[in-house]
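Per-chain residue numbering starts at 1, and chain names A, B, C and D are given in the order in which the chains are listed.
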Amino acid sequence: MPEVLFSIDQSRSFYDQAVPPHNRWHPDIPPVATVRPGTEFRLECREWFDGTVHNDDSANDIRDLDLSMVHPLSGPIAVEGAQPGDLLVVDILDIGPVPQETGPVAGQGWGYTGVFAKGNGGGFLTERFPDAYKAIWDFHGQIATSRHLPGVRFTGITHPGIIGTAPSHDLLGQWNAREAELIATDPNRVPPLALPPDPQRAILGTLEGDAFERAAREAARTAPPRENGGNQDIKNLTRGARIFMPVYVEGGKLSAGDLHFSQGDGEITFCGAIEMGGYLDLGVDLIKGGMQTYGVTTNPVFYPGNVEPRYSEFLTFVGISVDEDGRQHYLDSHIAYRRACLNAIEYLTKFGYSPEQAYLLLGAAPIEGRFSGVVDIPNSCATLYLPTAIFDFDIRPSGDGPQRADRGSCARTS
Amino acid sequence: MPEVLFSIDQSRSFYDQAVPPHNRWHPDIPPVATVRPGTEFRLECREWFDGTVHNDDSANDIRDLDLSMVHPLSGPIAVEGAQPGDLLVVDILDIGPVPQETGPVAGQGWGYTGVFAKGNGGGFLTERFPDAYKAIWDFHGQIATSRHLPGVRFTGITHPGIIGTAPSHDLLGQWNAREAELIATDPNRVPPLALPPDPQRAILGTLEGDAFERAAREAARTAPPRENGGNQDIKNLTRGARIFMPVYVEGGKLSAGDLHFSQGDGEITFCGAIEMGGYLDLGVDLIKGGMQTYGVTTNPVFYPGNVEPRYSEFLTFVGISVDEDGRQHYLDSHIAYRRACLNAIEYLTKFGYSPEQAYLLLGAAPIEGRFSGVVDIPNSCATLYLPTAIFDFDIRPSGDGPQRADRGSCARTS
Amino acid sequence: MPEVLFSIDQSRSFYDQAVPPHNRWHPDIPPVATVRPGTEFRLECREWFDGTVHNDDSANDIRDLDLSMVHPLSGPIAVEGAQPGDLLVVDILDIGPVPQETGPVAGQGWGYTGVFAKGNGGGFLTERFPDAYKAIWDFHGQIATSRHLPGVRFTGITHPGIIGTAPSHDLLGQWNAREAELIATDPNRVPPLALPPDPQRAILGTLEGDAFERAAREAARTAPPRENGGNQDIKNLTRGARIFMPVYVEGGKLSAGDLHFSQGDGEITFCGAIEMGGYLDLGVDLIKGGMQTYGVTTNPVFYPGNVEPRYSEFLTFVGISVDEDGRQHYLDSHIAYRRACLNAIEYLTKFGYSPEQAYLLLGAAPIEGRFSGVVDIPNSCATLYLPTAIFDFDIRPSGDGPQRADRGSCARTS
Amino acid sequence: MPEVLFSIDQSRSFYDQAVPPHNRWHPDIPPVATVRPGTEFRLECREWFDGTVHNDDSANDIRDLDLSMVHPLSGPIAVEGAQPGDLLVVDILDIGPVPQETGPVAGQGWGYTGVFAKGNGGGFLTERFPDAYKAIWDFHGQIATSRHLPGVRFTGITHPGIIGTAPSHDLLGQWNAREAELIATDPNRVPPLALPPDPQRAILGTLEGDAFERAAREAARTAPPRENGGNQDIKNLTRGARIFMPVYVEGGKLSAGDLHFSQGDGEITFCGAIEMGGYLDLGVDLIKGGMQTYGVTTNPVFYPGNVEPRYSEFLTFVGISVDEDGRQHYLDSHIAYRRACLNAIEYLTKFGYSPEQAYLLLGAAPIEGRFSGVVDIPNSCATLYLPTAIFDFDIRPSGDGPQRADRGSCARTS
């Protein structure tokens, strides 16, 4: 076990930690430690809603979540000698839930997948699923099962939802400008088009006083992925992955959090994946001047992890960019993938799952979402690969018809 | 070798075949054969541009292609007992290029990948690549190499770009209505938003006279994937795949064509993949009433093939939905994937490839394109997985810098 | 399709071909063609028993086979510039059954797996299965099914059982000496310990007259693998494999044959695998002096093919080196694997297969046989991996007990 | 983290633990805990030589090891309701090294691979390597590197070398009888043919006094795998594996130990694998009467783990059953695999490794050892698959010759 450079006391809110995390991106957040290239270390991480989601059978907690608090990130860690223009090489050595005994915080032997209500965040299918739902998952080593999804058992593809370097002031300015421009096109939209800087509930590590006030007004929210990596929600950033991250500030200032026990491509439920607190072991190195040399100037590149759960048989659903009302869109892969998801949900209901259960499942299980055709005007084609081995019954079509059964219920609001 | 139910004389245009193919979708196209469930058979297929692309070093042929002729489809094959509401079970048993000796038609030992000029079809990156380009690929068993892309050698993931059942008159009407509505929003756009029915160069199998005239005016173009399958360009519909296809008309009327020796997810170059003529061996069966029973009412579902080339190491590129001009888009996975593609192209140029070569490569090699985050407002996150083993040099980032070399040139226009 | 350098008329015995194959290894067999490094070509191959096994339901043909005729090999092909000490680089580009229509010879849409009677060849489990048995397999693209093994359907891992270079006179002398020494320890054993040179039914390509007489007396039988490769029966030498073969004579003199549609590790039934005639497409190149430079002096090395059928779930059987009578052997992996095979057979009988059916299945399906422990005195541990997806019922243990059914019968002797 | 049912204080010898482990198999060893079917729990495990191998650069410790002490096993755990004839279902949920900080005991951030001297245990290649050697491995999450094997870096395939149920008195009697019979054939052999019961240094959990004396005289040594599982050294019993184990006594009495951070098929170095102390999380269930129902009467069956490190490219070495002196053996897969190992070692020396380094590497890295042909008289054919990606240089043969370099040295005796 490598040295812990960021500790979390899982019994306390992240607002009350000895060394506070940060839930915004800003270049001025001071590093909690500085390490040499070649160092390996551990970050302890708080689950993204700070322990306010419970291991119970009601989705009221999901309904009432406060999105302004997310995501508590552990770090930043500065790397000696890292300068703007370098590539920070980050190895994902290990990752897991909170090692302590069973407890009340996600990560302590369990995790959760939620669907946000449309009025509070929404999700990929929010028009179809405007209310809040939840599934609790129990951890058995790397395997997950859920009392809210009987008949399902799979090996998780554990990863950090968020890992990123600090933006420069200049880059942060670009983010704020372009996102403000988008918001301005429909400022009152529900859910919103983007989340502007918001000092309320902001926490910026050890930054205090005026420096805090100034930074909190301009610090970027953690919801989206951006040029620094961030909330990419790439499930394949699992054990064994190596990421090459652009460095925008002195020291690089690496932070991570939002650990997922598992997730399907797209993290379609938004309060998605199987959320947990836990630990993340990283190794760091540098490629000096690598951004220019390799042309990695806009986003990270990476090798995916090589211990992904090995599924080789899939039932695959297809979607095209005609929306639910039959309206034709022009080469819109987003809609195509949404339709593939809806097709999968429709299919799963024939076996006895409720549409909400199916939606929660697709957010959490290691499904693959692929771009198939993106040029065949006017229809994009997207495909969703559902591993058949995660079900303890035969999910494949046959002349016998679907094995319909009572498959229980997910957690709902009261 | 199963019985050939559709023959092609590769020395002649598809307009001059004994039994003509069809290059439109229409319920009235008569079946060329009727088979029982359980039958296996072979379709011979003509490459999508009818032999007008040559094995040479000029992209003039690509520049001048006539899109109204595509795609010559082999079939339809009717299945006894198939009725609207059934699922047609289609096994992809085998597929390969034209077995005859080396010859002038794609599929005879070679194939091509093209980039359309913006004024004649365009492609996924047409703003960046407005001209026509071409790469010729030589076949070595299932392996492809190209004099236009030295240093690259990969095993193809061979599949039919198009496989589909006939639409009903009603469904065809919906297609035409919704696509016309889209076209009407910008009727003079270049490239166009969609392709309306066009009797010119239409060929509808053995349909003749008034029946032909009537059908040709309303028959759907083959470019897009739709509810019947069609031009899905799903590379994983390779040997061993099983497709469950909705049946919309008596007999189902299965057709296929547009064979690809290989393709990357997205077929981003449009005149993409590695195009070839060849053969396709299929087996068919029925699940009576399966559309309703399994809820497969909108698009096919399938098992992917299980003899895909086995690559396990990738360099992965990330894209987000901020466009090339820095403008923020709202959760647009299409743009995110485009940015991932552009990032990959930028990277490959550091090794000595021209951007055009890199673009052609991404269309042809078995790259994987994935939806990563689709809910993290305002940025979608898409990822492009490039198998590292397809290069005969080390493509991975390191402190030594990229192995830059003279990597030749693709075919260009004169 | 590359140029055919060795043709077979599948309607005639290999003794009656225009250019005869050879069924012994000898340095004096003249090459049928000489090619440059970099050349790709096709060899047509005769199935190993020359068409004397029939597509019927009796194993009498297997019982009565004449082992002195095997294996008709196609070649030799000489490579320009190849000299003793070089490594011959051989790419397995493609391989498949006889392309012609359904016919009476294995490879024409079907193949066979046999169990030899103990008195005529025997096999891995000949003490337990002293009689002859047979299963006929039907080919569906790359998929095999058998009326003698209902409930089973798998993708074959197609490969040449035999591929090798010619031995030098000196090496041939060593082979004959060491094998004669072994035979001398128990010359009348049934089945024999090894097969000595035997001019009867020998065929040595175009060699004739005195040269033939001399060579036939000393030419090595094709049954075993040796330093030249030969009958290695390595199922992973499938499409995409590259073999580095020692060169012992001028030109290397490459030959191949004994094509298998599929095979399990070990080819335990001996008349094993799924035997077929067909074609084999190869590419050749040279590494000058490579035997010494790379220390590849005793046996070939290779990359396995990369389009193997993709199975990821297995039920695995364990065997240790205690024999069927309970006698302890010292670290004997051969016995350990035999026990693993017998354990698998015992298991399969619980589902309704006869032991003979199970034995035939393990010889033909893409099972994996692994060395597990080889040092834990006194027991070796061997494991047999049976892909669960090849059965159309659930083969895994559970509280419900095995799904026993009438599973028909294999072909037997009358 | 599930409840710890067996604790180890890694700072003390296993002879001084609060609850002692056991290093022999015997039905009378009392269970340390009894659990219900469905329970999940953790066993902490001591490394097999009790901390007497050090993280240093001398192999003297390996040379002087006392084999009579191995292997300290954690357990036994009794399962309620388990009776002879049942199958005990065991899930391998998680496994890892000692979680504590860096320390002096293998498992505390590091592990070791050793080669025993011929006079003290020997190994698979002891005739060629009669002296003692050692390599120390550093752990980085699931990745291993070694200062004694520069240029190598791989993801481990972590597993328990030993997991087994208790034998009945009757079965134990059979073991002792058959092994005594073997030993009697050459009682003074070095290394010995088998290890008889030996009360010296025996530890049998909490068994004491007369019961201990009696049991110690007859308890079976832990070296070999047997009908109860035991020291199977199957590397694929990694996370996600499920084992179906025969139950021979009331409660089943499950024990495990000899944890490996990684291992190659065969564990050819004997003091092989990468040895470590650590933890093992298991889940248990029962199939009543399963031994008879499923015919699993002799050895366990299992599903392999599904999070194995994913390597897809290999350089494969072939061996046949002709020994190092050129003597022909009859179908001896053990010799064939030995020759494949020696061929691989010879090859690796061309890149600058010493033969001893190469031997240590093959014992530790996730190589695959396969039975290829086992019936082609007189030669067995065995194959060793070496993943090419574990080297940081190109290990494949080419016209450029091997990249020879100074690759340091392993630990040796002084």
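One rule holds in what follows: contacts are C-beta pairs under 8 Å (C-beta built on N, C-alpha and C of every residue); 3 or more make two chains touch, one makes a residue touch a chain.
Every value quoted in this text rests on a predicted model; they were computed, and no experiment measured them.
Trainee: Spell out the chains that contact subunit C while also contacting subunit D.
Mentor: A, B
Trainee: With chain centres set to the mean of the C-alpha atoms, which chain is at the far end from subunit A?
Mentor: C
Trainee: Between subunit A and subunit B, what distance separates the C-alpha centroids? Give it in angstrom.
Mentor: Inter-chain centre distance comes to 32 Å.
Trainee: Round to the nearest whole Å and give the separation of the Cα centres of subunit B and subunit C.
Mentor: Comparing mean C-alpha positions, subunit C is 39 Å from subunit B.
Trainee: Between subunit A and subunit C, what's the gap in Å when you average each chain's C-alpha atoms?
Mentor: Centre-to-centre distance between subunit A and subunit C: 50 Å.
Trainee: Name the residues of subunit A that each touch 2 or more other chains.
Mentor: Expected reply: 306, 310-313.
Trainee: Going by the contact rule set out above, which residues of subunit A touch subunit C in the complex?
Mentor: 310-313, 389, 394
Trainee: Inside the complex, what are the residues of subunit D that reach subunit C?
Mentor: Listed in rising order, the residues of subunit D that touch subunit C are 87, 89, 123-124, 174, 178-179, 181-182, 191-195, 223-227, 229, 231-236, 244, 265-270, 272, 287-288, 290, 293-304, 306, 312-320, 322, 326-334, 337, 339-340, 343, 346-347, 349-350, 368-383, 385, 396-399, 401-402.
Trainee: Quick one: in the complex, what on subunit A touches subunit D?
Mentor: Touching subunit D from subunit A are residues 1, 40, 91-94, 99-101, 109, 140-143, 155, 239-240, 281, 283, 306-311.
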